[in-house]
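Chain lettering (A, B, C and D) follows the sequence in which the chains are written, and residue indices restart at 1 in each chain.
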Amino acid sequence: MGNGELRVGLVGYAFMGVAHSHAWQMTNRVFDLPVRVRMVALCGRDETNVAAAAARLGWEEHVTDWRELVAREDIDVVDVCTPGDSHAEIVTAALAAGKHVVCEKPLANTVAEARQMADAAAEARSAGVRAFCGYNYRRLPAVGQMRRLVADGRLGTIHHVRATYLQDFFADPAFPLVWRLQRDRAGSGAIGNLGSHIIDLTQYVTGQLVTGVSALTETFVRRRPLPDGDGDGPVTVDDAALFTARLDGGAVASYEATWFATGHRNTLRVEINGSLGSVAFDLDRQNELEFYEAAGPRTEGGFRRILVTEPNHPHMSGTWPPGCAVGFEHPFVHEVRDFVAAVAAGEDPTPSFDDALQVQLVLDAVERSADLDSGWVKV
Amino acid sequence: MGNGELRVGLVGYAFMGVAHSHAWQMTNRVFDLPVRVRMVALCGRDETNVAAAAARLGWEEHVTDWRELVAREDIDVVDVCTPGDSHAEIVTAALAAGKHVVCEKPLANTVAEARQMADAAAEARSAGVRAFCGYNYRRLPAVGQMRRLVADGRLGTIHHVRATYLQDFFADPAFPLVWRLQRDRAGSGAIGNLGSHIIDLTQYVTGQLVTGVSALTETFVRRRPLPDGDGDGPVTVDDAALFTARLDGGAVASYEATWFATGHRNTLRVEINGSLGSVAFDLDRQNELEFYEAAGPRTEGGFRRILVTEPNHPHMSGTWPPGCAVGFEHPFVHEVRDFVAAVAAGEDPTPSFDDALQVQLVLDAVERSADLDSGWVKV
Amino acid sequence: MGNGELRVGLVGYAFMGVAHSHAWQMTNRVFDLPVRVRMVALCGRDETNVAAAAARLGWEEHVTDWRELVAREDIDVVDVCTPGDSHAEIVTAALAAGKHVVCEKPLANTVAEARQMADAAAEARSAGVRAFCGYNYRRLPAVGQMRRLVADGRLGTIHHVRATYLQDFFADPAFPLVWRLQRDRAGSGAIGNLGSHIIDLTQYVTGQLVTGVSALTETFVRRRPLPDGDGDGPVTVDDAALFTARLDGGAVASYEATWFATGHRNTLRVEINGSLGSVAFDLDRQNELEFYEAAGPRTEGGFRRILVTEPNHPHMSGTWPPGCAVGFEHPFVHEVRDFVAAVAAGEDPTPSFDDALQVQLVLDAVERSADLDSGWVKV
Amino acid sequence: MGNGELRVGLVGYAFMGVAHSHAWQMTNRVFDLPVRVRMVALCGRDETNVAAAAARLGWEEHVTDWRELVAREDIDVVDVCTPGDSHAEIVTAALAAGKHVVCEKPLANTVAEARQMADAAAEARSAGVRAFCGYNYRRLPAVGQMRRLVADGRLGTIHHVRATYLQDFFADPAFPLVWRLQRDRAGSGAIGNLGSHIIDLTQYVTGQLVTGVSALTETFVRRRPLPDGDGDGPVTVDDAALFTARLDGGAVASYEATWFATGHRNTLRVEINGSLGSVAFDLDRQNELEFYEAAGPRTEGGFRRILVTEPNHPHMSGTWPPGCAVGFEHPFVHEVRDFVAAVAAGEDPTPSFDDALQVQLVLDAVERSADLDSGWVKV
């Protein structure tokens, strides 16, 4: 850090790059942190495009080679928002160069890469270098409140976890064969793209880890038109994945991730049932949390709809008055806020690369179980 | 049938016996059917209690031995509302005596018994004797409407089925070791009690059969106090069962049945996603159906909440004006209505014993898969 | 009462006559009351139709003149389910003849008639004769629970009442000019038909009376086709009525009744806000109640959805296990139950004719205020 | 405008000042507009505080006298976010100086001031100077979609408008006597603060103007502790206001604004019923819209929950992918976007000062009707 500033370089300026740019920018505007963020450089391969994006998104400069970013003296943080197949190379190089790292989820496309990255982070940690993986939904206020209720013992012993992540983006068979549908680029399909979110979120909220799974995957549309309109090609990833699981605290769980749930744009639902209460969250109503407490007379009991919009809810510092909704970008801002605060304090931000590796191990177990005709696979 | 009457004898007068009594009684009051129901005799083992129940519920007589009911000339229908371990004996005797049979769900505690009953029904059918198994939720208007939408092709190709049946009756570890928690009486636990409903309902609504499963079961509380207060004993059934499945039309499915979902008294939820639309039902709001149609502009699309309270919704003949809710007892009344109409018309009522046997085969596959560490078991 | 029996005669067999018949019938089947109900005679003007209805609905006899019913020795109760313009004559004759009376709501078409009836009931009371007016929604379990919460002080001082009763039955201008749309038959329009329900319900639940109103009424479709298809005629009642009010406990209130709320079949909503909590009810989800308690941390507060399906909820005796929904007919059954119990105990059932007269006074004030350009009218 | 830039000065840096600052800042980041926004100066009376706020919120400079802002050559736009009692003076001075003006709602505390401001805007308009009043909820995507449905004739003839704005911020009698509760500062209470929003929103969405009202207001807590803790003082504004109204297209309407609706933080609900359909919006779920279409079979009809998160929904340009929620700040950003675009195009932005004056006239009529014992007052 130079002069009370944290100097950031960001690789990638598609959807996630824009979300991260916004978050870096808001951090100075909203929070009183011991260091100020400086948005030094945006990196992308196409010079014209990256120059325009840098100007618009508020970056001082642009570069076209991430290696340059990693090499520069005036960069403290490298933020990686590229597709998963390039994460390992960029991240390990950045860590080796002593840069703090933010890496979008999922950490990598394979367990091998993820483990390599976690090892690199462990080594860098001893030199005071921080690594962070961006499972953004952890910092939705409702998810934070969910975790707080569990951590405070309000649910008692957890018996059930039920998690689904439903989208319908690829339900139309005429949708073309984009990179997300190709194993070599995307690693896996709905399971990696959506399943990783619900695995991380449920482990985070319950404080329990998945110990084993039994899975089933399906590709409903096996060939799709090529994007350039010239013939078709094979879909090489899963359209949907369902699995049952056990958690190390004794809970049983079910998970489902799919791109074929017609009518659902981005519906992530989690419900947890414990001996003393239950809690449910639905991303379609991201400012709400349903909470049931078994205490009290049954005649007055019921799931209560908490509007998670109070200043003392988790991840609600620096926002509007009580009752005001937060949007999609909100948790990204709090990711950066917490990352900056952790770096300034010399602490490790979470989720760590180890947390992200654990998700990768579960994803891997899911794919192996699916290959074994749903046979149980330990994580 | 004597003299335009269908003369009924009912075995059992607990919860289900009361529900069936009410249904037999309402049938004459509400519908114009070619035959009238006559409630001849109620059967139970305790003479004092069964006499009081018969008087109250509107039965002309009472008897204390079901064999007497089966033997009487003036009985056309035997309705069996006893626990599952006695179904096979009573039902096969009644069919052999030429009585039409109504049997509460699940058909039996084992596949062997269920198969024997289905065989007996097949044989009796050739003599014009009818057999019916009471999966009551089929005749909720919302469930009927759900099936109609699927049958009319409004959902297109079905990709996903998601079914949960959540209760919390046994979540308290101090709840005693009742018969439902003992394998020799109840056959199985949540899977048989609750799972059977969602298996039947999803097969009915989709018109597809489960072809294979991968399952996991759990007993969270393994010993419970004996009902008489003298020590405790082992719970020998599942508290919860989760399984993934494939259906013969290409859909993938997930199922969960549990008694440990704190806050849920009787929450049966089913959602089905197809290529053209989706539909969702929640028993907590049994007069509603959520329906999404992919046709039309996305900006105006959404799950619409249909109040299934119009006279031309399924199973709504003979009820109140549009907009009036039906209660728990409603589908039982329509079961009897349809059973009586089928008998009068010389047709087979549904669900048939074969339908009920198919459910039993799935239940059996679920238990075997759970024993095989979630390995895939074909139905 | 002869011989432990309460012998009932019912006038009218349209919608409400059927609902009351069902309730009389269920009472013996469901409850243990000190007297048994005997359904002696159904009365209607068309002999063929009333005979068929009597047979179907379970009445022993039929008669074609209500005067006969009132005159008979073997009738203890006269239940009046005719249109409002005939209530006063039948009811006062029945009371004069020493019959207990059940009268459907609203009590009468005018304040003058209602007052005459209340006076007759007061006189009869001294002779041990009971009179009851059927505001059925009072005995929905959720409404009972609402009242209980208010009565127990759980809402504190009540500040706001918000009540709407929305239907869309007459929204289509092609709907014919039925009797409900004619002042001489129906007395008034939406205000009498729907408004009376929400006036009674809010007064009942809050324990406060309306002391003054400011109202606005509208007839959107002023001429409609005659039912016989020959030309059209004028609508002489209100299609919609809106009014603000003050209650004698200090609350302010808003009311709306309309037949032109497209998409609403039978949507009665009431919300009450007090200093300590709030409660909301929606007839479309009649087994639910929303309850907010201000006590406790704001971060955990929210409207909780109580399923009012527990055995110890109000008006839930004699029903199914916890979690089972009740239907439209349920409160009618409990009306009869409570009426029979009151008669047997020598007590006055509620709502009394005085309660019903108070509703009539509010309705009258509403119509007068509307005539006075919304000027304030005291009740 | 200097050099393709629109140079802005903002007066006020409390809640609304922060919201506007954020909006000015985001405009360059998110949209491609013909002019760029330059955040020149923030104005506030306390130099230390305004300097800190300017630095944090991204303003180049700070000033302590709004007159300086108005006088500067290098300012093109004056944005007024002060309490209502200072609006008229600042705004008219700015317009006279040829500055474009953004003014927070409500336009003024009195009709006289509002009229003076509207006149000033009309005069300035001829010189190409633009004036805009910030009724922010107009630019919620769901509200925009609501208006679009009405404008496209999807609701047919509008019969009913139902609007409530419920908060509970002052329900606690111990809450101190802040400026909002004093007539000389705030002009009025809940009616001006909250009622103005629902008046503007319903007029905007329906395209109809309120022509007359009948109103009732109440102050539940008449004395409150002074903020400095030394004794108490009188509350001189309304805590709640209820009114019925007629709109110039034939609809009848009810409105309620209150600070005493326990459990409601910021619940603005509007429902509109027309001859062909209905639409409902609830700010607690600001990314949703309920829409009912009367066309199609009644058995399939229902209010559908549209997630207003598609790129081609109104006011959704420049946001995240389909399915991503927007937060409280979103409509402010689109206000600025549309204001800048209008200024660049030489067009008048909306809502205009005339639109805002019309709201003021309704507010005034409401207060007069309340003084007249709810007598009808024409607007």
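The working rule: contacts are C-beta pairs under 8 Å (C-beta built on N, C-alpha and C of every residue); 3 or more make two chains touch, one makes a residue touch a chain.
Because the structure is predicted, anything quoted here is derived from the model rather than measured.
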item	value
Chains contacting each of subunit C and subunit D, listed by label	A, B
B-C or B-D - the one linked by more C-beta pairs in contact	B-C
Far-end chain from subunit A, centres as C-alpha averages	C
Distance from the mean Cα position of subunit C to that of subunit B, given in whole angstrom	36
Inter-centroid spacing, subunit D versus subunit B (mean Cα positions, whole Å)	55
Residue numbers of subunit D (touch at least two other chains)	301-303, 307, 322
Arrangement of touching chains [line / ring / star / complete / other]	complete
Subunit A-facing residues of subunit C, complex	145, 149, 289, 291, 298-308, 310, 312-313, 322
Subunit D-facing residues of subunit A, complex	15, 19, 21-22, 25, 28-29, 56-58, 167, 265-266, 284-287, 307, 309, 319-330
Subunit C residues within the subunit D interface of the complex	159-160, 162, 164, 166, 168, 171, 173, 214-216, 218, 220, 240, 242-244, 246, 250, 252-254, 256, 258, 260-264, 273-278, 292, 294, 301-303, 373-376
